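Shared between the two complexes below is chain A, which pairs with chain B and chain C, respectively.
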Partner chain A sequence: MIWFLVGHEWRVLKASTIVRLVIAVFAIALVVASALGTARAEAERATIARFAVSVPHFQPAPGMIGDGATPSMRADFAANERGYLALLPPAPLSALAIGQGDVYPNYIKVTARSLDALVSGDQIEHPLAVASGQFDAAFVVLFLYPLLIFAVSFDLTATERDRGTLRMVLAQPVTLGEVVAGKMIVRVCKLLIPMLLITVGTAALFSPTGADFWPRAMLWVVAIVVYGAVWHGIALVVNARGFSAPANALVLAGIWLLFAVVGPSCVNLLIAIRYPMPSRVEAAVQARAATQDATVQGSRQLGQFLQDHPTSGNVGREGMRQFAMLQAERDRKVAERLQAVEATFNAQLEKQRRLASWLSVLSPTMIAQGVLLDVAGTSTERFDHFRAEAASFQRQWQSYFEPRVLDAATLTPAEFAAAPSFDFVEEPFTLTARRVAMPIIVMAIFAAVLIAIGFRSYRGYQL
Partner chain B sequence: MIEATELTKTFGATLAVDHLNLTIKPGEIFCLLGSNGAGKTTTINLFLNFIAPTSGVARIDGLDVVEHPLETKQRLAYIPEQVTLYRNLTGLENLRFFSRLAKAAADSDEELLAILAQAGLTADQARARISSYSKGMRQKVGIAITIAKGALALLLDEPTSGLDPKASNDFSTLLADLSGRGVAILMATHDLFRAKESGTSVGIMKHGRLVETLSTSELGHRDLEQIYLAHMKD
Partner chain C sequence: MIPGRLAPPKRLRGGAALAIAVKDATEIWRDGRFRWAAGLLLILLIAAIAGGVHNQSQIARQHADAQQAERDVWLDKGDMNPHAAAHYGAFVFKPVQPLSAIDPGLDPFVGVFVFLEAHKQQLARHRPIEDATPTRRLGQLTPASAALVLLPLLVVALTFSSFAGERDQGTLRPLLAMGISRRSLLAGKAMGAMLPLAAVIVPATIIGTLILIGNAPADPNAPIAARAAGIGAVYLIHTLIWVGLGLTISARSKSQGTALVILLAIWFANAFIMPPLAMAAAKWIDPSPSAIEFAAAIQDEKDSWPSWDQRVEKVMERFLDGEFESTMAPSNVEVVALLESEADETALYDRRFTELFQRYQRQARSFERVGAMAPTLAARSLSMALAGTDEAHDREFAAAAARYRTAMLTTLNGELASSGRFNTFDYTRGRDLWEKVPPFDYDVPSARWALSQVSWSASALVAWLIAIAIAAGWSVSSMRLE
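Coming up: the complex of A and B.
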């Protein structure tokens, strides 16, 4: 009986101009968002490819010494001036969700002195785009999808009840629960099917990335299904109250505004008040202030050394070693100070994240946002993982070069080639799956409770 | 058969139906008369199980409508004052939908068109969208649904209200046809003339109570009107 009702409802909705319009708007938004996301992921991939070609090779460059036949490079130049660019490949589903990709860098310059990425390495983006978020598939899913669920579900039974059609239907051997379930199934499918086909299809066809693509795509599907179920559940509960169709529309619009717009904004505000963070400019100024005295003191010592040795010809190897030691000492002090600033910055950031994680249960949009970005691989977790790997690589780089720098050595191509290289190892999929399992379960529980309440309330529905 | 035994419904302190006892046999057309708020529609809603009785039992074909809601709905048909169907679908599509809901045997276009023809709709009318139908045409689709599902009982709630005399007369003819097929019919109406013309018996309801039951064969139009008005004056 249910499937017969589903078929009937499908035909009725197919003839509805409003529903056709809603689905067309939704499909267009999804196609545009997916296309933009794909283009962005492609651009990111091209940039990474360009860097990957130019960085690790031992090419003639400023800083090289020796003749063309036996080129060599000063160790301090190779280790610090030239350094190494640690590259983060595009996320598995980056075409679907830009996420934190417009804030965090996907490359970090590694030198023997430091990891140059905290406050100065952010992606350069238009501030307006960063403030408002990018138009990607995740945006459509998180904000437009709930609104359109309400647009097709605000009138599950109200108009049919007011016109009397529902009485005609319920005079047949069918229950109100079956009728409502049939209507819901059609509405779920009308929006869910195009969404899943367009988002996953676009990403799979034009931007497949990594071996984890399909498992992540499956999680993406599960997360969207559960997220949609929450909003369908809300619509069901409101419909079951027995208001008129316009009243349902008004109530649902208010709920959307509360959960998708006002709630997240309030949470952001609360977090910013509770754990204020310096702006990027302020953070850079703080870092500079903290390292200034060490920089100045070190530079003074180096300057004194150069005054004492006015021509490089009479410095000798020992002199150069002394100079390298002074430089290393200055760099160590600067790095220490910088580390202190970074630690404060990171601790505050961590507090913000923890509070955000707790408060996200107040809105399904916030829960789903965390899940979708994590599944797509554009959440802070993946950038943290990248940063941790880059930090570990920096230690390897440092231990390889530091003795050579202090020895004022020059490197042959073979020695340069033997230097450590960075290959980003993606976090295991199971880790991501474990991380998003709980939020997905929480949303599924919300959805189940709402749907149960909705159907239960429908038992007392006044015809 | 339609049967009520001590059927009672209260809404808060208001007694809408008061210990109603009623039996409508196959082929009988029972017209329930009464002023607005007398309890006619509430009685029909009780038989449809749209509301639960406070006490007493409503039965269709011997089955309690509360205990066997789906089985009793399989056996009854309902035509309200406004037969509101799916406006975007044709008469034929609407009939197919309701027939399938009722698990009726008739399903092909030919069978359904033949049923619509019995109810007085041409094939062209049957293939037009309901949004273009008059009230009388929609009532005919309601009759077609009754025929298609082979209902044993028919509940009508002021079905002729707003119909022109010709359409009202056509409707009475269709009811007589259904009565001839052995359908037990309960019709709530304000139309004394139509009640006398179509009904085999009439009942007058007042404040939820069935205060008088009469056989139409023993009454003239004038008699019925006088008895009705006498009850309304009390």
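Coming up: the complex of A and C.
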């Protein structure tokens, strides 16, 4: 029986101008968002590919000393000045969610020093672009999708009840629950199908589908289905209250505003006041104080070696060795002290972030945002993982080059070729899945409870 | 047929408008839903102002303390070589504008300090957004967002039924049959919506001003009255535009339901769709380089320069050729090489950074131009500019930091060059030289300058106000009565 109702409702909605308009707006928004996201991901991929090909430190380059026939390079120049560019390839689903990709850089310059071991400039996106947010599929899912869910379901039964047609429908051998379920199923499908087709379709067509792609796409689908179910659940509960259609619309608009806009922005204000992130400015001052002695002492010793500008001509190789030794010593001392300050800062940052993340359960939009970014691979976690990978590569790089730098050696092409190289290894998919499992389950429970309450309230619906 | 065409006496016209306004305002005021919505908005506005002032004063204190601590560290670092002092470097912290409490604008998205050192120039580092939780990207409640995003919603709620509601109930024709002109009707409806609005705006403004004055004592060096008045004017004009928009749509729509849907769609487009789309358009017109390309371009150029050894050798050759004999020759070729390389580096960074900032500026211009289609975007640009938290102010700060770096290096390296000693790098100096590098002092540009940077948005906002006033007049004079 329910499929008969679904078929009937499908035909009714097909004729509705509002539903057609809603679906058209939704499809256009999704196509534009997917196109913008894909263009960005493509550009990123092209950049990374370009820099990955010209692995900088293996090529003989200006600044080298040698007779030309057997190119060689000063070890400190190769290891530190040129260093190694560790690159982060675009995330599996980055076309769907730009996420934190406009905040964190996708490259880190690795050097063999203890200090300035990992150098990465900030991502140089226009600050206005970061502030305005990106018009990507995740944005459409998070904001527009719930609004359109409400737009198609604010009038599940109100008008039919007011016109008296609902009573006639119920004269048939169907229950009100079945009628409402049929209406819900159609509305869920009407929005969900184009959305899943457009988003997953674009990502599959325009981005290389690596091993992780399909499992991640599946999670993306699950997250969207569950997120949508929460909003459908809210719509059902409001409809079951028995208000008129315009009253439903007003209440639902208010709920959308509260959960998707006012809620998150209030929570963010609360976080800023209650759990402010530790100040980078104070950390910089502390770092300065902690490293002052080591820096000043080192500078004085190095002063004899013309600070950072020795030439083999004026101090000889032995002098260069001593210089390298002193510099490494100073760097190590400074780095040790810096690490203590940084460790405290990072621990504090982590703590605040953890505390703050609890507040996000207050809004489904905030929960879903975290899940979508994590699944797409553009969350903070993947960038943290990249940093950790680069840090462990730095230790290899340092252990390979440091003895040569301390020896003030020049390198042969064979020695270049034997230098370690970096390949980013994605975090295992299971880790991502485990991280997002909890929020997805929470949303699913919310949705189930709301839908159950909705159907239960419909039992007492006044015809 | 249309009574509006028979103009009633002037006195009656004004009186009728007032009567309509009072009647509408009273009705709205008695509506429990309005009281709830207005009360909630008022609470949000006050919370936003209090929170904004709290955060602003916290960050401002941190930055001011840090700048002081940095100055002490710089002066007390003991004796060292002047060039070693240049390597030791100096931190410059971005001063926090008092009005960032009202509109933090781009502050969370730009670096909070710059490290100035020899040979390298950096962009400001550590944007607060990097440390924030990812949910921060969903936006934070600020007085500016409450005034520019939430307040228009209340305006929509107050105006969508102004004419459409009367028409739905069939009271529009009788109303005009009483001899009220359409112009008076429009004036009455506009005032009727604005009176209840004043119940939110006036207390919020008074409380906001009190909190602002109480927490951020007036700094004689940073007069903010003009800027604050400007921000108030922008919010007021923006609200008036929304009142006009609401009345226009209400007059033209078939039913109040349609009016509400259209107004909400316009609101959603203004607040949510336009900002990212305008920025996407701006980036399409002027693509930004990626961080890696930007860094690589600088590195490539540096790689093409002679190495330090080669530089020193060349200077030595020039020295032997007698190039320096006629001038006050520095006694050490390495110092000449150092000064020359420093000059090359500064020129390189200046050129690259200027290119980048010019690109940002062009993107911001395109954003403004595309954004002129949406009054909220124009108002947002103006609000950030007046609060001193937009891209132009950040660019000014970056330029000031770069100038300070150049001055610092000139003082330190110049001292090295004029020391007249052979082994210049062995030469140490102390506090007296460090004191010659003045503390970093950044003067925020005037409100007039800030406005001149966003003249397009200012014109757009005024144009919107005029256009919407004309549109409202025309819509009401030609609206259907049933």
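FYI, the second predicted complex is superposed on the first by the 403 of 463 C-alpha atoms of A that agree within 3 Å, B and C clash if a C-alpha of one lies under 4 Å from a C-alpha of the other, contacts with A are read in each partner's own complex, and residues count from 1 in each chain.
As a convention for this text, contacts are C-beta pairs under 8 Å (C-beta built on N, C-alpha and C of every residue); 3 or more make two chains touch, one makes a residue touch a chain.
Every value quoted in this text rests on a predicted model; they were computed, and no experiment measured them.
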Which of chain B and chain C A:Phe243 touches, first, second, both or neither: neither
Partner chain in contact with A:Phe206 - chain B first, chain C second, else both or neither: neither
Chain B versus chain C as contact partner of A:Gln292, first or second or both or neither: second
Which superposed partner A:Phe51 touches (first chain B, second chain C, both, neither): second
Partner, of chain C and chain B, that touches more residues belonging to chain A: C
Which superposed partner A:Thr165 touches (first chain B, second chain C, both, neither): first
First, second, both or neither for A:Glu282, with chain B first and chain C second: second
Partner chain(s) touched by A:Phe424 [first = chain B, second = chain C, both, neither]: neither
Complex interface listing, chain A residues touching chain B: 1, 4, 8, 11-12, 15-16, 163-165, 167-175, 463
Touching residues (chain side chain C, partner chain A) in the complex: 33, 44, 47-48, 51, 54-55, 58-59, 62-63, 65-66, 69-70, 73, 77-78, 80-81, 83-84, 87-88, 91, 93, 105-106, 108-113, 122-123, 125-142, 145, 149-150, 153, 257, 260, 264, 268, 272-273, 275-280, 282-283, 287-296, 303-305, 307-309, 312-313, 334, 337-338, 356, 360, 363-364, 367, 391, 394, 425-426, 428
For the chain B and chain A complex, residues of the former touching the latter: 45, 48, 50, 69-71, 73-74, 76-78, 80, 82-86, 88-89, 93, 97-98, 100-103, 142, 149, 155
Residues of chain A touching chain C in the complex: 29, 36, 43-44, 47-48, 51, 61-63, 65, 77, 82, 85, 87, 99-100, 103-107, 109, 120-135, 139, 142-143, 147, 246, 249-250, 253, 257, 261-262, 264-269, 271-273, 276-282, 284-285, 288-289, 292, 295-296, 299-300, 302-309, 311-314, 349, 353, 356-357, 360, 365-366, 369-370, 373, 379-380
